[in-house]
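Both complexes shown next keep subunit A, but they swap its partner, so subunit B is in the first and subunit C is in the second.
Entry: the complex of A and B
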C-alpha cells in the first residue's frame, strides 16, 4: 500500500453518526490495509442519531417474513420505493442488528434473554428491536465505542467540511476547516462517503438538532450530483409544542391513544380503522406517519384541536399503560415530559403536534451507495437509495443507516483499493476555497450588512408556508421567489466574528448557504410534482398519478435560478402499485 | 415591556485576551426558555461572536454542558426560571482548558474513554449467523445504569481529583468500564483492570461523590467506582494468592 501523508487517506467519511461509523467499520473489515478518516463537525457521539428513540426494524421472529417487511415498507412509501433496494434491505437487516448486538448494543430483552421486539406504525408484525426508548443513543454509543478498537480509523473531530475536491470527474477528498484553529486544509482521499444526515433545520419547527443542516446534500448537489425525491418531507405526528422534542411512536405502539379536544380518537374519521382498546397493526394510532399528520391538519381545520401558545395541539394519552410499563419501555418519554413540559404522562395527557422529522429524499445513490460522481458515496438520511419512497416507516431509518452504511463502506473500500493516483490540482482547489471563505465572509460587504439570523428566519417562514403538510402552487411559487432572494442577500452577509478560533458564526453562515441550496431543490421538486403521494400533498391535485409520477424526482443544480428536475423510473420487482389500505 | 434577565457570560478569545472576563447581556425572560435559548438569543440578536457548543436541545447529545452559577449543568435542561432573579453566571466547564468563550478542550476526555477499552471483549468471536447472545432482563439490569452516560463531562467539572490530577481516568470513563465489565457478554474485565487498578485508576478517587450529584442521567459514577474498588480488592488478593489463577 501507498504511504500516507498526514492528510491523505484511502477512504474519507464525512459525518460520524450511525451511517458514518458503520461505514468506517465496514471499510476496516473489507480491507484492513486501508487508511480511514472520519471527518465530523462534532464529536461523533453528538451526532443526531443519538436522538432516535423508538427502535430499529428487522425480521427476527418466526411468525414474520421478509416479504411482509418489504410490503409494509413499499406500501408505506406509497410505491415510490425501489423494490430491489427494499428487498436487499429487509434481508440484510437482521444481520446488521445482530452484528450490533455482538458489539454490545443493550437491546431490550424477553424474559428468556432473546431479543424483544415491539409494534411500530405501518408494520404488520412486531419486528422493531429497541433499547427502551433510547435506541439511537445506544446504537450510536455502541458503534462509537467499537470504532475505537480499529486502529486504521483516524478521526478528524470538529472539522467542518466546506466542499468536495473534484478533479478529472472524480471525487478525491474534501476541504475542511479545523474549528479549533481556523486552519483550512485539503484532506485527500481515494473515495469519499457522505454520511451527514438530513436537513430538518431548514424548518422552524423540527425534532432535528442544530447540526442537521444538510451539508453533505449541498456539497454533492453543487458538484452536479442530483438530489432525489426532495419534496418528501416527513412530519412526525407527535412532537412537543414549542420545543419540537420528539415523543416516540413507540408510545402509540405500546398502546397510547391520540385524542382531539373532545377526548375522541379522531383517527377513526380518516379511514384508519376502528378504535379498539388494544393497538392493532396498520390501524388507527399505528397507521403511517404521513396519514396521521395529515389527519391532524384536517382535524385542525374542523376546529377540533386545542389552541395553545405555540400552535394548536392534540393529546397523546398513555396513562392507561401504567407506571410500570411506562418506566420500563418509555422512560425517556416520561423524562422528557417531566423536564420540558412539566407534566407526568403517568397521570396526565401529553400535548403533541406534527413536527418536521426526516427527509425521505437525499443524494441519489444506487444500491451500493454509489453516486453518479466517481469516488463519491452516500448513506443514511443524507442519501436516497430509495427504500423510503414517499413516506418512511418508523424504525426503518436506524436499520437503513446500518445496512447502507455497511454497503457504502464496502463499495468505497473496493474503489479505494484500486489506488488511483491523486490529481495534482487538489492543493490549488483548496487554496481557492480558502480564498472564497476569507473573501466571502470576512470582508466588509457594503454599508448594509445582512445578519445570518434574519435570513435564516425568513427561510424558516418560506419553508413552513410553502412546503408544509399541504402544498399549493401559489405558496410554493412565493417560497421559491423568497429563497432566491435570500440566496442573493446571503452574498451580502458580513459576519461580526473575524477570529480563527472556533468561529461558530462562520460555520453558521456556511450552513445557511447549504440550507438555502437544498431549500430550492425541495421547493422546485414539490412544485413540479402535480400529484399527491405519501408525504407530498398538493391541494389542487389530491390523487396519486402513477401514469406521470411513478418516478423519482432528480434535482440538478442550475448555474442561475431553480434546479432542473428530471424523472427516473421506480424499480418495481414483485409488488405492482396498489392502494394503500390501513385499518382493515 | 417584556421582563428581562441578565446573563454574565464568560468570554475569552486567545488571539486578543490575556485573561477571561465576564460580559453582561440582557435577554427576555420567557417561561419555557432554558439557558441555552438565552445564549442563542444573544448570538442571533446581540453578539454574533459568542462561541459555545450545542445540538439536540433535549438532553441527550451531551454538547452543551457549562457552569451555570458555578454548578456544572446541561444548559438545554436548565430553565431561566430556576435561576431567578439573576444575574445568571455562565462559564465554561471547570478544570478544562478553554479554547474560546464557553468552548473547552475535550481531547483529554476522549483519550480517557479509549483508555478503558469501551468495547465488548470476548475470548472468541461469535459468528453473526449464530444469533444473539442470550441476556435476561436481570442480567441487563446489572449494567443498564452505566450505559446511560451521554459523555457530557459534567462529572469531570465537578470532580476535584480530576481537576488536580490530569492522569486520573475519571468518573465517566470508570462508569463506562463498568458498563462493559458487568455486561454478561463481556470477558474483558482483566484487560480493563490493567488500566483501572493502576496509576490514575480507581484508587485516585477520594469518594467526594460530586460526580453522581451532578450527573444529568443518574449514571452514578461514584457508585460504579465504589463497586470497582470492592471487586478490585478481591481480584488483587486473588492474583496474589493464586497468581496463575484466572481472575
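Entry: the complex of A and C
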C-alpha cells in the first residue's frame, strides 16, 4: 500500500501472546484495509500464553448460566470487579471459544462429541474448557496459524519496544530495538494496543517466564496513564518449590488433596468447608486462590508445613486418582513432576507452595480497551478492565485475552480508520530515545559501577518482604525506600557488552528499569490501601472496608518519588457487595 | 547440596550467518545433577564472561517447559539429546557423569540457516503454515453452530497431531533434512476436523509445495524424525500427507 512508509502502520500491537494475536485478527476483520503490525520481543509462540495449562472459562452447558459465571467472578474478586465489564465478559466468552473451535482449536471432547468442561477453583459449575493440559499452547497456536491468513498483518518478531511515541496528546507508535541487529527505530501507527502480559518477574519465586517483566505497564505509566489496582498480586497455591513451576489447578479439580505435614486436609480449618472424598465446587481445594494461599501462610505459622531446602511446603496428593486418570487428564502434571522433581505423582505426593502467578492490576482501560491516552489501547494481563478485581479466578484469564483482545482490536481499528495524520516530531523522538539508551547504558558511568544482577536481586528481596501474601506498613515502607534507591543506582549501570546483535545485557537493563517502576506502583498502592480484600492482606487491617475502599487504586507516575494514588469508584450493576462464602 | 562434577564441552561457535564456524572446547568443573542442560550452559556463559576473552554462547530457549519449541540443540549428534520424548530444556545433568564429553551443535539444515552460534532461523516453518495451515472457511456465526460435535476419537487424534511444537528436531535428525513430519502433523490435525475438511486438498497441495520450495528434502522413510520428536508425533502423519497429496494431485482439480 503506497501511502505507508516502511515503518508505518495503521494499528500496531505490542505483544504476540493470546491478547495480541486476538487483537490483530479483530483489527483485520473490522477493517481489511488497515495495515497491522505485531511487534514482539520473542517469537509469538514463545509468549507466555503458551504455558497456560488448565483451561478457559465460558458457559456452555445447559445447567449453567451467565449470572452464575458473573457472580462467581465478582465474589471471587471480592467485589472489586467492574460489573459492566464482567457482564460483557461472561456473555462474549462462549462466542469467543466457539470461534476458536472454528479456527481449528482441538478442544477436548466428551464421549458424545460435545465440548468437555472441568471444574475450577471458585466456580459454581463445570465451565472450564480445555485441550488436555496444554490449553494455552493450543489456543495460541490456533490463533498464530490463523493470523497467517491475513496479508495485512506484518510481524516484527524479536523487536524489543523501549517506549511509546506520544505527541500532541496522542499515541502514534513505538520505538523498538531490532534484537538481531541492534538497530533502534521508530515504528509509527495511528493506534497502539499494549498486549505485553504480566510482570511476575519482579518477584524471585514465580510461575512466570523470564519475559514477563511488565514492559507495557511501565511504558503507559511513564506517559501519564494510570496503573490500576496494582497491589493485587495473585499467589497460586501450588507451585513446585525451587523452580516455581506451576502444578495446574486442574489437579485439584480432578480430585487432588492438599495435605499438611500430618497428612491432614488443613483447608477445613480455614472456613473452606468439610472434607469430602469427591471435589465439591467452591469448597476446600476448589476454593479461590487467595484464600488457599493465605491458609498456607497460617499453617506455616502453626508449624504444620514441611521444611525443605527451598522453603516450607505442603503436599498435593493425586495418587488416589490412579494412573489411568492421571495420564488421560493430567499428563503434563506427571511429565513436569518427573522431569523437574524426579517424582512420580502416581506413586508419590507432590511438594508444593504458594508462588507469584498473576497480576490482577494493570493499565487502566474502559470496557473497549481504551486508555486515557488517545490512540492507546490495552488488553490481556497487562490491562485492568477490570474483571478480576482483588482476586482472579483460574481460567478466566485466557477467556479475558480473547474477549478484551477482540474488543480492543475493534476499537483501535475504528480509531485508526479516522486516519489522523502523524506528527512530524516522531523521528526526532526516536533519535532522542536512541541517545538515551546509548548514553544511559553504554557510557562509563562514574567511579561506582553497578551490576544489573545485584540490583535485580535486591529488588526481589524488597518485593518478597514488602508485598508478600501478608503486608505490614513497616515492611512496605522499607521496600518503597529500597526501590527508590535501586532506581537511582540503576542510573550507574554500565553495560560491558557493547555489541549490537542480541545484546541480552541491554535488554536486561531496560527490563529492570521497567520492573522497578512497576514495583513502586505496587508498593505505594498497597501502602495506601489500609484494608484487606482478596489477595491484598494488611496485617493491622484484617477486614474489608467498603466505606473507604470499594474503589480502584489509580497510580500516577510522579516526577520524583513514589506515585500519586487516586481512587475511582467500582461499577456495581446487579450484585451489591456481600460476604464471600465458600464451602457451604 | 549435590556433589559437583566436571564436564568437557565442544560447542559450535559461529559469529554470523555467512561466517565459518568451529567447535570450541570448554571444561566446566562445577556441574551438578540437579542442573538442567540449559542451566549448565548458563554456567558456561558465566565462566566465559568472567574470563572476558569472548562473547557468551548464544542459544535459544524460552519456556523451559517443553512447549515453545525454541530450545533446539543437537547434543552428541542427537537432536534434543539422549532422552526420548524430551526437549533440550527438559534434559537434566543427572543423565551425564564426571568426565563426560558433550558435543553441542545447532540444528543443521539448508532451510535453517545459523544466525549465531547455536541459534538458527526456522522461519521456513512459518512460511509453510502461511500457505494453508489454518481454517479460512467461514463456519457460520459461532453461537448457533454450538460447537460442531466431533467424535471423541477423531478429536483425540487431531489433538495428538496438534501437539507439534514446531521445534524442527525432525528436520535436524533427517538425513535428507525433510520437513515431512512437521508438515504432515499440521495437515493431519486440520484435515481431520470437520471445520478444516473443506479445504483439505487445497491445503495439502499448498503446504507440500511450499515445503519443497523452502529447500527441505524428500522423505525416504528413515523414521529418524519420529525417534527424536519430543512430542511423539507418529510418522503415520507422513503417509497420510502423501496419500492426500497424491489424491489431490491426481484429481487434477483446480486447487
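One rule holds for everything that comes next: the second predicted complex is superposed on the first by the 582 of 584 C-alpha atoms of A that agree within 3 Å, B and C clash if a C-alpha of one lies under 4 Å from a C-alpha of the other, contacts with A are read in each partner's own complex, and residues count from 1 in each chain.
FYI, a contact is a pair of C-beta atoms (placed from the backbone, for glycine too) under 8 Å apart; a residue touches a chain by one contact, two chains touch by 3 or more.
Since the model is a prediction, treat every value here as computed from it, not as a measurement.
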Once both complexes are superposed via subunit A, do subunit B and subunit C end up clashing or fitting? clash
Using the touch definition from the top, say if A:495 reaches subunit B (first), subunit C (second), both or neither. first
Which superposed partner A:164 touches (first subunit B, second subunit C, both, neither): neither
Which of subunit B and subunit C A:114 touches, first, second, both or neither: both
Which of subunit B and subunit C A:148 touches, first, second, both or neither: both
Is A:211 touching anything from subunit B or subunit C once the two structures are fitted on A? First, second, both or neither. both
Figure out whether A:233 sits in contact with subunit B (first) or subunit C (second), or with both, or with neither. neither
Touch test for A:453: subunit B only (first), subunit C only (second), both, or neither? first
According to the stated criteria, A:503 is in contact with first (subunit B), second (subunit C), both, or neither; which is it? first
Shared subunit A footprint, subunit B vs subunit C, residue numbers 42-43, 45-46, 50-51, 95, 98-99, 101-104, 106-109, 111-115, 134, 137-138, 141, 145-146, 148-149, 180, 209-211, 245, 335-336, 339, 496-497, 499, 501-502
Mind pulling up the subunit A residues that touch subunit B in the complex? 42-43, 45-48, 50-51, 95, 98-99, 101-104, 106-109, 111-115, 134, 137-138, 141, 145-146, 148-149, 157, 180, 209-211, 242-243, 245-246, 335-336, 339-340, 451-453, 495-497, 499-505
Can you name the residues of subunit C that touch subunit A in the complex? 16, 49, 55, 58, 62-70, 86, 90, 92, 94, 115-116, 119, 126, 129-130, 133-136, 139, 142-143, 145-152, 155-156, 158-159, 162-163, 165-166, 186, 189-190, 193, 195-196
Complex contact set, residues of subunit A against subunit C: 42-43, 45-46, 50-51, 60, 94-95, 98-99, 101-104, 106-115, 131-132, 134, 136-138, 141, 145-146, 148-149, 180, 209-211, 245, 335-336, 339, 342, 496-497, 499, 501-502
Flag every residue of subunit B that touches subunit A in the complex, lowest number first. 13-16, 32, 43-45, 47-49, 51-63, 77, 99-101, 103, 105-106, 110, 113-114, 117-120, 126, 128-129, 131-137, 139-140, 143-144, 147-148, 150-151, 176, 180, 183, 185-186
